[in-house]
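Here the chain labels run A, B, C and D in written order, and each chain numbers its own residues starting at 1.
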Amino acid sequence: MAEIITLREAVQRFVNDGDTVALEGFTHLIPTAASHELIRQGKKDLTLVRMTPDLVYDLLIGAGCAKKLIFSWGGNPGVGSLHRLRDAVEKGWPQPLEIEEHSHADLANAYVAGASGLPFAVLRAYAGSDLPKVNPVIKSVTCPFTGEVLAAVPSVRPDVTVIHAQRADRKGNVLIQGILGVQKEAALAAKRAIVTVEEIVDDLNAPMNACVLPTWALAAVCLVPGGAHPSYAHGYSERDNRFYQDWDPIARSRESFTAWIDEFIRGTADFSEYKAKLAAQEAK
Amino acid sequence: MAEIITLREAVQRFVNDGDTVALEGFTHLIPTAASHELIRQGKKDLTLVRMTPDLVYDLLIGAGCAKKLIFSWGGNPGVGSLHRLRDAVEKGWPQPLEIEEHSHADLANAYVAGASGLPFAVLRAYAGSDLPKVNPVIKSVTCPFTGEVLAAVPSVRPDVTVIHAQRADRKGNVLIQGILGVQKEAALAAKRAIVTVEEIVDDLNAPMNACVLPTWALAAVCLVPGGAHPSYAHGYSERDNRFYQDWDPIARSRESFTAWIDEFIRGTADFSEYKAKLAAQEAK
Amino acid sequence: MTYSTNEMMTVAAARRLGNGSVCFVGIGLPSKAANLARLTHAPEVVLIYESGPIGAKPSVLPLSIGDGELAETADTVVPTGEIFRYWLQGGRIDVGFLGAAQVDKYGNINTTVIGDYHKPKVRLPGAGGAPEIAGSAKKVLIILKQSHRTFVDKLAFITSVGHGEGGDHRKRLGLPGAGPVAIITDLCIMEPEAGTHEFVVTALHPGVTREQVIENTGWQIRFADQLAVTEAPTETELVALRDLEARTAAAHGQLGGEE
Amino acid sequence: MTYSTNEMMTVAAARRLGNGSVCFVGIGLPSKAANLARLTHAPEVVLIYESGPIGAKPSVLPLSIGDGELAETADTVVPTGEIFRYWLQGGRIDVGFLGAAQVDKYGNINTTVIGDYHKPKVRLPGAGGAPEIAGSAKKVLIILKQSHRTFVDKLAFITSVGHGEGGDHRKRLGLPGAGPVAIITDLCIMEPEAGTHEFVVTALHPGVTREQVIENTGWQIRFADQLAVTEAPTETELVALRDLEARTAAAHGQLGGEE
């Protein structure tokens, strides 16, 4: 059964230094609040897994929480580079970052395999691509029936997955609607899953075949309205496209980035205080 | 784009003698009407794939349409044996039936692999079981990362899959609700998919993450209300448990079976005439 | 209250399910026992049916694995492929509940054939979900009526493995789950002996003698040193079971199938 | 009507999509061209975004691959794993629409690094969905602005394969799709030459000279014997495109990204 607790408590209890952590959410429902809390608690040496590192990992990398990144597309969508990611890879600031690079199809299959309790995923991928030359964990397997050689990749099985969702009921059952990405698979592939939600309700009112994660498959459910910002929660908020653009100059230099997280993340007690501070700044 | 045509035309045009055919539906939404139409049209030498052969294949086997059966649980659920299946396997009546036997997990994975365009599926299965000794297509594959030996089974890729669903819209998009079984995977694994539906409507009104098969992935959509009987369509009908019991004495002897299909299937023009005849008999 | 041996079996099986445990159930006796547990001491037991419902809470016993009420009362209904992939193989099932046509002293199960596979004396329905439930559920409970013909010394066919050839055979097969931890019959409860993993009788149901068990077992059955007597069904248990069966009969015009 | 070279590029790309074709689209130019096709000659084109929407019909251009309007207007929204497994790898995508940072004469694509992988001059975003779109879509269209730096003789890194080393190399790699069938730029259209599969210019956009193309291509570009001139954008096409961009600007306060 999921415990319904604060995000602070969930991160304290379920995320350890050195863990492999997946914060998933494909453009929609990105668990930004969890990233902030990991920074506030100074978690270290994390191996971060995520198809699209996005701002949520640019933050963690720049804040010095990560030692390794497993990913498949590393940009600020529609804007440009992730400057903290690039600085870590190219200049080793604030510490060197090992990268392990895949394609989307590979990582999506690797999450499916992880959720399925399998050690590897099989997919038709990478023929003619240079990626296997620079990523030694991309191997191959031969079909015992046709002789076809297919890609074999290790499944993703995080210590902790954090996702954001629209609603939970009071038992901790979670409903996800709209663009689902790989979140269900990421949650089921993990040893411990934390879900931040917009709302806790008496009755989920889930359609019969909706994407529901039962409470007993989760470690914790945390009420964090708006916790995906600048991503969004379908039915609750809109994507803050402006913030993605504003992030570019903030993250561009070490100084402006550090000043920003010192003020907005390390300088706030939790995500609701962060939201208030951000709103106050934007009102200026 | 799916053509919206009669079931008779769909079976005439899309099912050939010698085809590998999957009529799927896991207790719910079994496409019985399609089985009747295959018998009426005297289709021959079919390789039948289905997790639970059920009455729908007992019919086809007894009528002499099948040369091979690929399955994972062959009984009349809650009642007993499938007598036509047993007679074909044990006595070769009306013709010998080759069987290829799997487990549910195997066939479910094999449909997933088929829908995924893969030649085989990998699963943790069969260790310690005698099934691989009698089914030579159950092979193994070794994980290139952990060395674990897993089962490898050929994907199911039928020439034709037929499923039954609740609704289609006028373009031929199909909505399935309730117990989904392996139908979506079976349809996507096939070269040609036929869907019989309870109703054709202006607007599917499908929830955002519902199980919808888009029209362009289907060959034909056919309006056949009640076409799953004695199985059911959630929201439209109830399972006819009595019919499952009544089937036992009908199928028990070759004579009573042949008399029954001569009267109720070969002696009717289509499924609606069949339903009328059955209702008239039950009213007696 | 008086009770039948079948009722004793169902009640004894139901008691093995802890509250909140996640249970993969088949139709028939397993479904009856699991629902009885849910209606008595284990209201939070989670029932998963291979057709797709997760967290089903039926008010009457389903006659088929895909009855509509399972879907209507479930927390969610997922595709069958997902049930086997994410939930069973994914290691999320606490208890797999299996019936059997035949079982041997190591809890191996036959549901395929009696006699030669290619020239069977009796052709049984086949594997269904059992081989992978037997392999991947964290533990397995087997429930079936005891007789000389069902508790056999040597299976004609191993459909689903229990403890294989005994000892550490199951571990050598690389199976993730612990395998069968109990066989619950209408006469007794058997549990695997430490080390050998041979099933021995650990509890007799009230009024059942050792001789009855020996007569109805096809192998040289042994009895634990500390042989218990099963607690008789309580009134609460019997009333809940009979109410469930009465509701089922009223709804379906027949009983929830025994298999 | 006058028009820009970017508008010519978008219109030329949109025209390649047949009505009813199933199209896997990325954000930016591919999404703009595919939606223009849907709003002009191909109302039944099916747009699939890797985030999960199948049959999306957005009224404005999405700024992200997961914009809410994609989900709201889609026939269904499935998990990302399913998009790659059942729909792309399953062989159900007619046209994969790719952008690129760099392309070579065989239509191979680099979106990973300029310079050495381990000591990059420029670190690009990486693969995303492209390697498997390039492999499994029945055919691929590449759309990007032409310049000496983007159309290069030798790629530092092949992220997604086109025709590999040319000739039958793609076939030897066992790839199911036909690979890139056209590169559409702001200057011209290139198509693979029969046999060699080297991309040659088959149509110049109106007013563009061979010299301009040669100048903006990093390899010794060749021209087809039958060199066509692209039909200029029609008023219908331009109006549809500009309306789409105006709606997008009004909705988002910014244009649908170029990449």
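The working rule: a residue touches a chain if its C-beta (ideal position, glycine included) is under 8 Å from a C-beta of that chain, and two chains touch if they have at least 3 such contacts.
If you want to know which protein each chain is, UniProt gives these names: A, B, C, D = 3-oxoadipate CoA-transferase.
In this text, all values refer to a predicted model and were calculated from it rather than measured experimentally.
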Where chain A (3-oxoadipate CoA-transferase) and chain D (3-oxoadipate CoA-transferase) overlap in contact partners, by chain label: B
Each chain counted as touching chain B (3-oxoadipate CoA-transferase) and chain C (3-oxoadipate CoA-transferase) at once: A
Whole-Å gap separating chain A (3-oxoadipate CoA-transferase) and chain C (3-oxoadipate CoA-transferase), where each centre is the average of the chain's CA atoms: 40
Rounded Å distance, chain C (3-oxoadipate CoA-transferase) centre to chain D (3-oxoadipate CoA-transferase) centre (Cα mean): 57
Numbers and ranges of chain B (3-oxoadipate CoA-transferase) residues touching at least 2 other chains: 112, 117-118, 123-124, 148, 178, 180, 185, 208-211
Set of chain C (3-oxoadipate CoA-transferase) residues in contact with two or more other chains: 71, 77-78, 85, 89, 136, 176
Chain contact graph, described as a line, ring, star, complete graph or other shape: other
Which chain pairs touch, all of them: A-B, A-C, A-D, B-C, B-D
Contact footprint of chain C (3-oxoadipate CoA-transferase) on chain A (3-oxoadipate CoA-transferase) as seen in their complex: 1, 112, 115-118, 173, 185, 188, 206, 208-212, 214, 216-217
Chain A (3-oxoadipate CoA-transferase)-facing residues of chain C (3-oxoadipate CoA-transferase), complex: 20, 22, 44, 46, 54-55, 71-72, 74-78, 85-86, 89-92, 136, 176
Sites on chain B (3-oxoadipate CoA-transferase) touched by chain C (3-oxoadipate CoA-transferase) in the complex: 26-28, 51, 71-75, 77-79, 81, 86, 89-90, 101-105, 108-109, 111-112, 123-131, 134, 148-149, 178-182, 184-185, 211, 232, 234, 238-239, 241-242, 245
Of chain D (3-oxoadipate CoA-transferase), residues touching chain A (3-oxoadipate CoA-transferase) in the complex: 27-28, 50-53, 63-68, 70-71, 77-81, 83-85, 88-89, 108, 112, 117-118, 120, 123, 125-132, 135-136, 157-161, 164, 169-170, 173-176, 252-254, 257, 259
Residues of chain A (3-oxoadipate CoA-transferase) touching chain B (3-oxoadipate CoA-transferase) in the complex: 117-120, 122-124, 137, 139-141, 143-146, 148, 150, 152, 154, 177-178, 180, 207-211
